[in-house]
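In what comes next, chain A is part of two complexes: it sits with chain B in the first one and with chain C in the second one.
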Partner chain A sequence: MNTIPAAAADGRRPSGRDLSERALGALLLAPAALLLLVIVVYPIATLFWNSLHGVDNANPAAGEQFVGLKNYLTAFEDSRFWDSSLHTVLYILVTVPGALVVGLGLAMLANMPFRIKWPVRLGLLLPWALPLVFAGLIFRWFFEYNTGVVNDILRRFGVEPLQWLSDPNLAFAAISIAIVWKSSSFMALMLLAGLQTIPKSLYEAAEVDGATKWQQFVEITLPMLSPALFVALIFRTITAIQTFDIPYAMTGGGPGDSTETLAMYIHKTTLDFLDFGYGSALAALMFVLSMAATSGYLKYTRRSSGRSGED
Partner chain B sequence: MSEVTLKQVVKAYGRNQVIHGIDLAIGSGEFVVFVGPSGCGKSTLLRMIAGLEEITAGEIAIGGTVVNDMPPRSRDIAMVFQDYALYPHKTVYENMAFGLRLRKAPDAEIRARVGEAAGILQIEHLLERKPRELSGGQRQRVAMGRAIVRKPKAFLFDEPLSNLDALLRAEMRVEIKKLHQKLGNTVVYVTHDQVEAMTLADRIVVLQAGNLIQYDTPDGIYNRPAAQFVAGFTGSPPMNFLPASMGEGGRTIRLPGGVDLPVPARRVAECARHAGREIVFGLRPEHIGIARDGDASHAVVPGRVMLVEPLGSDTLGLVRLGAADGAGEMTGRFAPDAGIRVGQGVPIGLAIDHFHLFDKTTGVAIRGADW
Partner chain C sequence: MPFGLSRRGTVWIAGLIVAANGFFPAVWILLTSLKTETELIRAPITYLPEAATLDNYATAFTAQPILRFMWNSFVVASLSTALCVLVSALAAYALTRLRLPHRNLIMSVLLAIAMFPLISLMVPLFKVMRELGLLNTYLALILPYAVLSMPVCTLVMASFFQDIPPDLEAAAMVDGCSRVGALFRVIIPLSAPGVFTAAILAFVNAWDEFLLALTMMNRVNMRTLSVGITLYQGEFAFPWPLISAALIIAIVPICILIALFQERVVGGLTQGGVKG
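For the complex of A and B:
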């Protein structure tokens, strides 16, 4: 019988080597850490610093005085902040579930045994690959009053054309449609990856067990897809908080401020009004909102990695 | 009444026909095993019975009802899959109860039937677990449990043991056989493992390239193979084959190296029809041994031991038949105390009554009316 030295048996190495390995580890991590520091930590820190100071580039002579929480207090009394936040929440409430339903449908379509798969896959990828602003411009043309395709179709059916982009409610609807179209392909890609991990034999077993197609969807597809659904939902929610490009390209926030999102208001405050201090405070508030959504996601992944390899 | 009958069943994918018109009658309560190499169509045939594959032509009936256009759920069958196909998000209990729940069975009945099935399979202590918490053998039992709670007309097994290690496979084989003896349902079982086929089946269906080659009892498959393919498929080590030619009048068989063997008198008439033709001579290892004096049942050929493989219970010896160049070699099964050694010259006895002869081109067995 072989005997194993105790030190080797418990897998520990001599402590001198421990130190040099740690140094090597730190050295290998350094470039990535430095990069994160420069492009993530520094801007965020600057943002918070700005939010606590009066940084008004329209009036540089005023200097950068420390103002404490004044910028935040201003935000809470600013009806445009509340309006744009409400619009953002409405977009989240409408477009996230919308994209989820459309994306799930597309994913299931793409997962069907088509003989030629690439047109379906391309159809899925195309909206995702298209820059957001282009998508916004395309949909602005679709919903344009005189020459847009949507009103053209309405006219052909004898319906009065609608003021899509000049009516607050219709503009909200038009923008939501554009966002759902644009974001559902990303949803679909994530859900398709989830669908493809479900073994075909489960559906066959369910079919033999007596499940109809609908029962198979409810009893097999949905529960098996729930991790992918959850991740897709969180990802989509985080990006929906930052909704900017599509409403910016379609209405510029109009008519009035009726379709303006928080991200658009921040953009206006900082880049149009050059009020970096107040803009930073607004951005910090949005950051908190995003973090709240992200922490939900992190909590979920920690929970699921705790039972890794189970499903 | 749960017999399964197939009439001229054909399966084609586009122009590619994979099952070429199979007729089969499986009696109620019978355990029938489909066996054959990969790609012979055995799984496809099973899946057609299950309703998971469409039937291109022909007719399948279960319990007297033609099921061609019925979905699987209406066929009153249960299936055990190769990968078990347990629902990962459901407990063992829910897995087993699922089929009954879909059929809107009352809760009390579901509980009773799941409990009964769990008792038979000794998995009562696992009912609250998820499949991921089970070992391979336990998953296998749950998959069988899910099938038996439904009390279907027929059980369909698709290579259920192929994911288990050899020891567990032997154990589960016994379990399946016991289960069938206890429940007495009709079973259709697919495997590529001839040992599973031989040990489990009441009757075996041997398939090759989408054709039914032989449908017979294990004894018939082993001792009276209808074709060289069937003969070579069963037994371990498998049957020995040598190219041979049929002598004048069908009275002798000439093996390579000029060795002549006598044809048993009762088979001469049939063999005479093949006189002068090239044939294939087959003999199982257990019908090759050291010749004993005055034993008329064996043809004696001078042999030389080329290779010895002791297995413990018996010893396999590769022997050369005859001394000439190009003489044929066959593996024989010898008693461990026979003391054969490599290089040793021994008279070899070949059991005349167990000669298998096959047409060289078609592979079909050459046999008389009485054989």
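For the complex of A and C:
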């Protein structure tokens, strides 16, 4: 996957007329570097600086003052911070494996020899292309108490309709279902690419040896797919840490704060409560958390870059 | 075959499941958008609209400036895509066709930076944009969106660039092209499918983004579609037929785009494997 192709250029070309390769390389990389500097590096640097500042409630006129690590200490005593972090972790624990299982199922189904390919391909692409917040709105509509289709189906089976969006546990379940639906298709596309690299001859040989479909799945598909599975898992985890749009659209964090994620709490702290110092401290904590996950991913890809991977 | 199905039957059912899983939410809101508010609150609920009406679509255009939202989304998505593709093409060229030291390291840094959680970035970026007076301007979204899609665009284009024989480039330079001239006259035209794929991915990413759009634009007439659609809900009431009509209007452009270029998009997604 993310391996760098070996340089196709081979240095035999006439130099002198052109800039040296290094200078040209620096020049060509400069716009990307500049953009990253302005949009990412500088803001992240100020994030940590801002997180050490705050407005003194006793003297708000003085503006933002240096307060040291006070914001971080506040976070450790803030139950809403811990709750929203816990919710985020729960979403990761439920929706990442959920999307992986559903995505693998979709990928296996989509890997069949279809004569007309577009309905299947669009069936996988549409959930990916749909904005997260739209998916959230649509699933909110599914889970409405009186007029939602989910409760209608329950009623038809003679089951009592459920308070999907106003019971904390059910709201968590409903949001998780929406997240799994939205993210499993992209997972399926990545896994499908992996499935298509598995040679057919392996299955034919297993068939000759009398292996059942299940044995073929466990002995051939899963091991051959493991690099793709791992990459899909890490990507999904990194995006799941930032869960925002779907709970925002479905419950707004409610009932109470029971489905609020860390990202939502940071957004509220900064833009609704306008507490920049504290919001920055929370965002910095989140930054560290997700960098740990990312570096794990990069370590893996660098280790596996020798192999052909799942390209 | 399980359940005594023929092989063709199994394939049919598999395709049906995948397609149904992808399409059912869109189908459901399409049906909802054709219903009247009174039909909606009837119990038990109806599945197919009894008296299909297009009134909700007419209301969707007048209740909120949805065409303005769409225009905003279009401006932001296309300009950020153009910027992103240009910057990524230069970077991808440098990383694949020049003999640079630490290429892998540069690529890793690029990827790592781009994986920064958007929410951490949102807080200081809001402050920066406010200080620069750029809130409620297109630039406040164009610049971050260009960065957001930079890794996937760079990866996709790099994989196309490396497949072009170095001889072609050398020949162009013998004919008097400069190195950069060869990039624009030989490499990029020959990798047109890759450049195009990168552009579609960047466009969809920008079209879909919500958090920054919500943060940077707080004037109604600067809202993008993803945020604008949420404005149809009342404080307590959810006019679902109206919201559904607005959703359908909003997803039509993106549906056309992915329907036209589905193979490219799938190829690009599995190659790049990155989405913010």
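We take it that the second predicted complex is superposed on the first by the 277 of 311 C-alpha atoms of A that agree within 3 Å, B and C clash if a C-alpha of one lies under 4 Å from a C-alpha of the other, contacts with A are read in each partner's own complex, and residues count from 1 in each chain.
Everything that follows uses one rule, which is that contacts are C-beta pairs under 8 Å (C-beta built on N, C-alpha and C of every residue); 3 or more make two chains touch, one makes a residue touch a chain.
Since the structure is predicted, the reported quantities are computational estimates derived from the model, not experimental observations.
Engineer: Put chain B and chain C onto chain A via the superposition and say whether they clash or fit.
Structural biologist: Here chain B and chain C can both sit on chain A without a clash.
Engineer: Using the touch definition from the top, say if A:Phe114 reaches chain B (first), chain C (second), both or neither.
Structural biologist: second
Engineer: Determine, under the contact definition given at the top, whether A:Met190 touches first (chain B), second (chain C), both, or neither.
Structural biologist: So A:Met190 only meets chain C here.
Engineer: On chain A, which partner's contacts cover more residues, chain B's or chain C's?
Structural biologist: The partner with more contacted residues on chain A is C.
Engineer: Once chain A of both complexes is superposed, is A:Gly68 in touch with chain B (first), chain C (second), both, or neither?
Structural biologist: neither
Engineer: Looking at the overlay, does A:Glu204 come into contact with chain B only (first), chain C only (second), both, or neither?
Structural biologist: A:Glu204 contacts chain B only, not chain C.
Engineer: Go through the superposed model and pick first if A:Gly256 touches only chain B, second if only chain C, both, or neither.
Structural biologist: Neither partner.
Engineer: Identify the partner contact of A:Phe134: answer first if only chain B is touched, second if only chain C is, both if each is, neither if none is.
Structural biologist: second
Engineer: Between chain B (first) and chain C (second), which, if any, makes contact with A:Glu219: first, second, both or neither?
Structural biologist: first
Engineer: According to the stated criteria, A:Pro97 is in contact with first (chain B), second (chain C), both, or neither; which is it?
Structural biologist: Once the two structures are laid over each other on A, A:Pro97 reaches no partner at all.
Engineer: In the superposed model, how near does chain B get to chain C, counting Cα atoms only, in Å?
Structural biologist: Checking C-alpha atoms only, chain B sits 11 Å from chain C at its nearest point.
Engineer: Going by the contact definition given at the top, which residues of chain A touch chain B in one complex and chain C in the other?
Structural biologist: Comparing the two interfaces on chain A, one with chain B and one with chain C, the shared residues are 311.
Engineer: Within their complex, state which residues of chain A touch chain C.
Structural biologist: Residues of chain A touching chain C: 1-2, 4-11, 13-14, 17-19, 21-22, 24-25, 28-29, 31-32, 35-36, 38-44, 46-47, 50, 106, 109-110, 112-114, 116, 118-135, 137-142, 144, 146-147, 149, 152, 155-156, 181, 185-186, 189-190, 192-193, 231, 235, 238-239, 241-242, 244-245, 248-249, 262-263, 266-267, 270-271, 276, 279-280, 283-284, 286-287, 290-291, 294-295, 297-298, 302, 305, 311.
Engineer: Going by the contact rule set out above, which residues of chain C touch chain A in the complex?
Structural biologist: Against chain A, chain C makes touches at 10-11, 14-15, 17-23, 25-26, 28-29, 32, 40-41, 43-45, 83, 86-88, 90-91, 93-101, 103-104, 106-108, 110-128, 143-144, 146-147, 150, 154-155, 158-159, 161-162, 164-166, 169-170, 173, 178-180, 204, 207-211, 215, 225-227, 229-230, 238, 240, 243-244, 247, 250-251, 254-255, 257-259, 262-263, 265-266, 269-271, 273-276.
Engineer: Help me check something: in the complex, which residues belonging to chain A touch chain B?
Structural biologist: Residues 199, 201-202, 204-212, 215, 219-220, 223-224, 309-311 of chain A touch chain B in their complex.
Engineer: For the complex, give me every residue of chain B touching chain A.
Structural biologist: Touching chain A: residues 50-52, 71-73, 77-79, 81-83, 85-89, 98-99, 102-103, 130, 132, 146, 150 of chain B.
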